[in-house]
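There are two complexes below, and they share chain A, which is joined by chain B in the first and by chain C in the second.
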Partner chain A sequence: MSEQQEISLSILKKRWLKFKTLKRGYYSFVLLAILYVLSWFLPLLVNNRALVLSYEGEMYFPVISGYYAGSEFEQDVPGEAIYRELQAAWESEGSDNWIIMPVYPYSPYEDITVAGNKMYDPPSNTHWLGTDNTGRDVFARLCYAFNISISFALVLTVLNYFIGVLIGGSMGYFGGKFDLFFQRIIEIWSSLPMLFVIIIISSIIRPSFFLLIFIYTIVNWIGMTYLMRAEFYREKSKDYVAAALSMGQTNFKVMFKHILPNAMVPIITFFPFAVVGGISALVSLDYLGFGMPPPTPSWGQMLDVGLQNITKAWMVFAPISALFSTLIMVVFIGEAVREAFDPKVYSRLR
Partner chain B sequence: MTTYFIRRILLMIPTFLGSTILIFVILQMAPGGPLERTIQQLQAGAMQQGESVGSVGDIMSGGSSVLPESAMRELRRFYGFDKPVYQRYLIWLGVWPREIKHREVEFSGDTKEVSKNVGRGTYMTLRLDGEQVGVYDKDGLTSDIWKGSIDQEASDDDKVVATIFQTEFSGILTGNLGTSYTYDQPVTEVMAPRFKISMFFGLTGLFLSYIVCIPLGIRKALNHGSAFDFLSSVVVFAAYSIPGYALGMVLLVLLGGGSFWDIFPLGGFRSPTEVWETLTLWGKIKDQVWHMVLPIIAWSISSFAGLTILMKNSLLENISQDYIRTAFAKGLQEKRVIWVHAIRNSIIPIASGIGGVIGVVIAGSYLIEKVFNIDGFGKMGFQAILDRDYPITLGFLVIVVVIRLVSNILSDIALATVDPRIRFK
Partner chain C sequence: MNKNTLVDVKNLSVHFPVHGGVFSKRVATVKAVDGINFSIDRKQIVGMVGESGCGKTTVGRAMINILRHVAPDVEIGGSIEYHFGDEVVDFAKLSSSEVRKYRSRVQMIFQDPYASLNPRMTVAQIISEPLQLHTNMTNKEQTERVGWLLDKVGLQPEQARRYPHEFSGGQRQRVGIARALATNPDLIICDEPVSALDVSIQAQVINLMMDLQDEFDVSYLFIAHDLSVVEHISDKIAVMYLGDMAEYGNAQDVYHQPRHPYSKALLSAVPLPDPSRKDRKRIVLEGDVPTPLNKPSGCAFRTRCPIAQPSCAESKPEFKEQAKDHFVACPLVE
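Moving on, here comes the complex of A and B:
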């Protein structure tokens, strides 16, 4: 019974089962996936706006509905209400009003202009990882930056793959002048120091998230393109392609229905490493000041501030540990994926 | 084979032109260039003196209230913005005559002839001749070194503004990278010492990573699956997951006198010159090593993981080949089989990578140079972009491009040399 099942398993299923047996990679994958999904709900978890509050019989949902002035709750502060203090005050008064704060009641953007925040506050019970040079909570910024980094890397990689498959696939499949032309372009592109080109472009236009991805894609598409070109070039000469063509399939169908599934292995095994590249690229750009516009939370910006305040170790260690642990988990995933998809069996010496 | 490499070298030319055109156009199209920046600075200076100042947009459209028209023309000419982009590119390349030693001449009213001092008591006569300006020397002959042209934009009905200038072919092809705006020195002079520093770092780091990675990779391959292999793999993964400059920051915080121990200096290539000059030879060596430990570690970490894994996999692959089985079968010692048969073949991918590494030596290190505040080549290029110092930015990029192109070919030549099976065609 079990043997029959094994035979009927698809190759993808088999690989997935193999991947699951590689504990290091599998657990990294599960953990990272959970963290990333959670990070989309960060406003509910790490925020200075209350989830729910009941004030004189009426319910308010500041996380969803946004800004409420402090005066609305009879709080004597300029501008927005400070829900943390409200909570403390109501509790000590024992009033009927109540408030439910997020698990970690600090926002990545509130700085010393909000009462109670201090610059360079070392890690403590309230600020788990301390505060930075403008009094912003390091832990809150770390969490939000995690979401941005991973999203950036994922979108970037998918986009690069799309271009890579399209152009590289056509280069390999059609060959000829088209191939030669793009080969020259690739050669020109790859001779340029790309981080510098990005810096030049970013120093001209202040990039936003998608503009940054766009810029980075312009300079970064060649890697995948070249990989895909080689893959399509090799597959093109196989019999099944000739068979498909002789049955009158269109080029488009041959490329994407017949060849592409056979070129999947490098696409998938390379994916985690492309994500590593994307994350590190964003961090280095942010570190140099050419990434996301401030005050977007970003590890690179935190590194920069941390290095300027080298005596406050938490400001350097927090972003570096976050970066390091994220990257190493992705690398573990990558290694396991490679093992599952492209296993190399080495014979022993004798 | 030779034809292949000759073709490769010839193909470098279009690639070089293509990438320089790309860089040049991006830079020249960029707003906030050196011209705007200078104008802004001048404006700021004027503002401090309490003069009224128009907005930048106002200035750019020509309605300058601070700078007189002639000064604007002077500036534009200095930065070369009085020519269309393609001419600027060709001038920069050195195949279009560059206009130097400008002097402005104004023909007001009906004047058709003006005498102009061109230095050292030499006078040139300029004669207005329809739409052209003729330049004549004291004997009344047409000058062959000085040329004249009419500035159409500046001229109007009352007056004609003309410039006389000399021309020369000088650009990157003649070795002239221009003069830096910020350092006020020829670009090559600015670059040379910084290039040496980066090279010094790069080669030391390269050497160190090779002598660590190759033995480590061999050891890991021979003990594949052992505890040693597992433990060193952890280190390798960790090294792969931390960018070199980030590791540099950790090292600085830990050992650079930040929050913990104060063992190594916070940065710099070596002690300041005043101190450096007083040191003995032994002192100099010690000082240099003392400054270099942390940056070199940070520098090498990036290639450490890749090289080790490459060495390990390459050796593992070779060991599983049939020829190794044959060597064992004919009764050779294990030592001989590995060190003579297997290693020689598995070193091939590493040896061929040597050309490519040169490119990384130059361009890949500026993040580390920034962290450790080393005045190297990469940091210079980065700073030049920030300062809109176009001659340095362009010179920097050109050198990086050339190094990359050359190192690609070197890699292939190295590969073909160490591996006689490889035939390029």
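Moving on, here comes the complex of A and C:
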């Protein structure tokens, strides 16, 4: 019995097993997945606020509860407490107060110039990738920008595909006037010069994460409709669809329970490349200065500042290598996915 | 027409408009089915034969009302009256949402067992889908029913967890039969159910279908182009030519004493594994089947008919009961 179950794998499971054998893509996938999951816990890992602080018998959790003025801990600073200095001071005094700091105790927003002029600090043990033109830690910014880039690309791609599948699928499935109408709309829509539209919109409205996703979705949902329209058009004439209809299944169920699982190939194979496109789109907008509002950490903005200070090599090197390695890992995943969906076996990519 | 009638097809026509030109004007009409009459009684097997393109499959698909799915602008005329108990339902007039609640009464077995099963669903999911739609069975009852059905069609209930691609053609067709039987339908439309199978498997599947017909008290509309198969299984035979019905009657009458010249030609083409009948006269028809876009006037068969008269071009021959229960659309053989 158990042996039989082993044989009966769905096609998707088989492809997943094949994907796992393609080491380069699989390891890229695992590494990126781990890094992305970790990046959601960045405030606990890379932050200038203390994780736990014990001051005169009382416990504080600045990472969670937020702002504490320096005066609360008898620190003579304007505004928020500087926990690194508190920690150093308490340790040298040997007092009963103690602090547990995150692994990397700098924040992407923190202007370190306050604590001594640290602009353009080259990489060192304290600042792994140096500091930038306003004295912010490059490594901290790099990490936070990773989370924002990947989240942006994933949300954008999922949203695009959702709309693309819905509209493209309906076009292919219902055909007729509905198809004709949307096809014309898409033709008109896709002929607009979208980069300029985005630049104009973001120069009028101050862009945010979701506004940028919204703008990009308005532009990018079209790509999937072509593929989905063709897939649904082909699948709907097959007999299993006629069988589902003849037993009284509704159109909605036929589309999403019967046809969509058979039309997943373009969605899955294009997904990594769409993510690459999403990351690059955000980087280029940020680079041009129409993306996320400062001081949001972003690779594009870091690249821009780095190029203005080309002699400070670390400021250029850091975002470029982060961008490059992320993109190439996503491409490796995409390549392996394509290979896993290919019924023919090529040994070159293994 | 008696009280045993399950479905009464009257003057059924299925026309597909053809659009062309700059403004997509209607330039022609494909008359796939052009006014046919027949009826199917309960527990009866009606075989339907004809060349490819004569409209057999279209009749079958019209009878389960799924033509509009692929061709939304199809024109369906006449009536397809089902008698479900006291209810009379005309499938030719109902929209696809109105027809939904009667779907469990009429099911279909498809020609290609490779295309008619969703490759992403297990056999259990495929067979239990009609149960989910038309019954209030719990999951456990559904699983039991699926196992029971699989057993009935000669598969092991343990195979329910498998995917269609793990089965052979004959086994897949058995799955298709199990799916059609799941809701205890009154009529199953079998659209060339065995023509994609090996000859040795064909016999198994046909015998299985006959056994199941006895057990489930279901009627079949058995569409095929293999006359010997149809003669083996059918109570009645309908012969179609180019969207028209040429002959309709009891299987024995039509098979052994065909009246319509087309039926005669068709039957003379059946290979007989009997060397002593080597001298049997073979009627070879001249020319090709005309296109249903531009059918000949009068009798559609007259362009190839060995006994055609000038009068055949004038009007469409009447589909007339020439002997008891034996309808023929040819006045020349009366």
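We take it that the second predicted complex is superposed on the first by the 332 of 350 C-alpha atoms of A that agree within 3 Å, B and C clash if a C-alpha of one lies under 4 Å from a C-alpha of the other, contacts with A are read in each partner's own complex, and residues count from 1 in each chain.
One rule holds in what follows: a contact is a pair of C-beta atoms (placed from the backbone, for glycine too) under 8 Å apart; a residue touches a chain by one contact, two chains touch by 3 or more.
No experiment lies behind these values; they were computed from the predicted model shown.
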Simultaneous placement of chain C and chain B on chain A, clash or fit: fit
Partner chain(s) touched by A:88 [first = chain B, second = chain C, both, neither]: neither
First, second, both or neither for A:192, with chain B first and chain C second: first
Partner chain(s) touched by A:34 [first = chain B, second = chain C, both, neither]: neither
First, second, both or neither for A:158, with chain B first and chain C second: neither
Touching partner for A:311 - first (chain B), second (chain C), both, neither: first
Chain B versus chain C as contact partner of A:64, first or second or both or neither: neither
Which superposed partner A:328 touches (first chain B, second chain C, both, neither): first
Which of chain B and chain C A:100 touches, first, second, both or neither: neither
Minimum C-alpha spacing, chains overlaid - chain B and chain C, in Å: 9
Chain A positions touched by chain B in one structure and by chain C in the second: none
Interfacial residue positions of chain A with respect to chain B in the complex: 184-185, 187-188, 190-193, 195-197, 199-201, 203-204, 276, 280, 283-284, 287-288, 303, 306-307, 310-313, 316-317, 320, 323-324, 327-328, 330-332, 335, 344, 346-347, 349-350
Residue ranges of chain A in contact with chain C within the complex: 1, 4-5, 7-12, 175-176, 236-250, 258, 261-262
Residue ranges of chain C touching chain A (in the complex, touch as defined): 61, 64, 66, 69-70, 72-73, 96, 99-101, 103-104, 106-108, 110-112, 115-120, 122, 129-130, 133-134, 158, 161-163, 165-166, 176, 179, 183
Interface residues, chain B side, partner chain A - complex: 11, 14-16, 18-19, 22-23, 26-27, 30-32, 224, 237-238, 240-243, 245-246, 249-250, 252-253, 256, 258-260, 266, 313, 316-317, 319-320, 324-325, 328, 334, 363, 367, 370-371, 381-382, 385-386, 393, 396-397, 400-401, 404-405
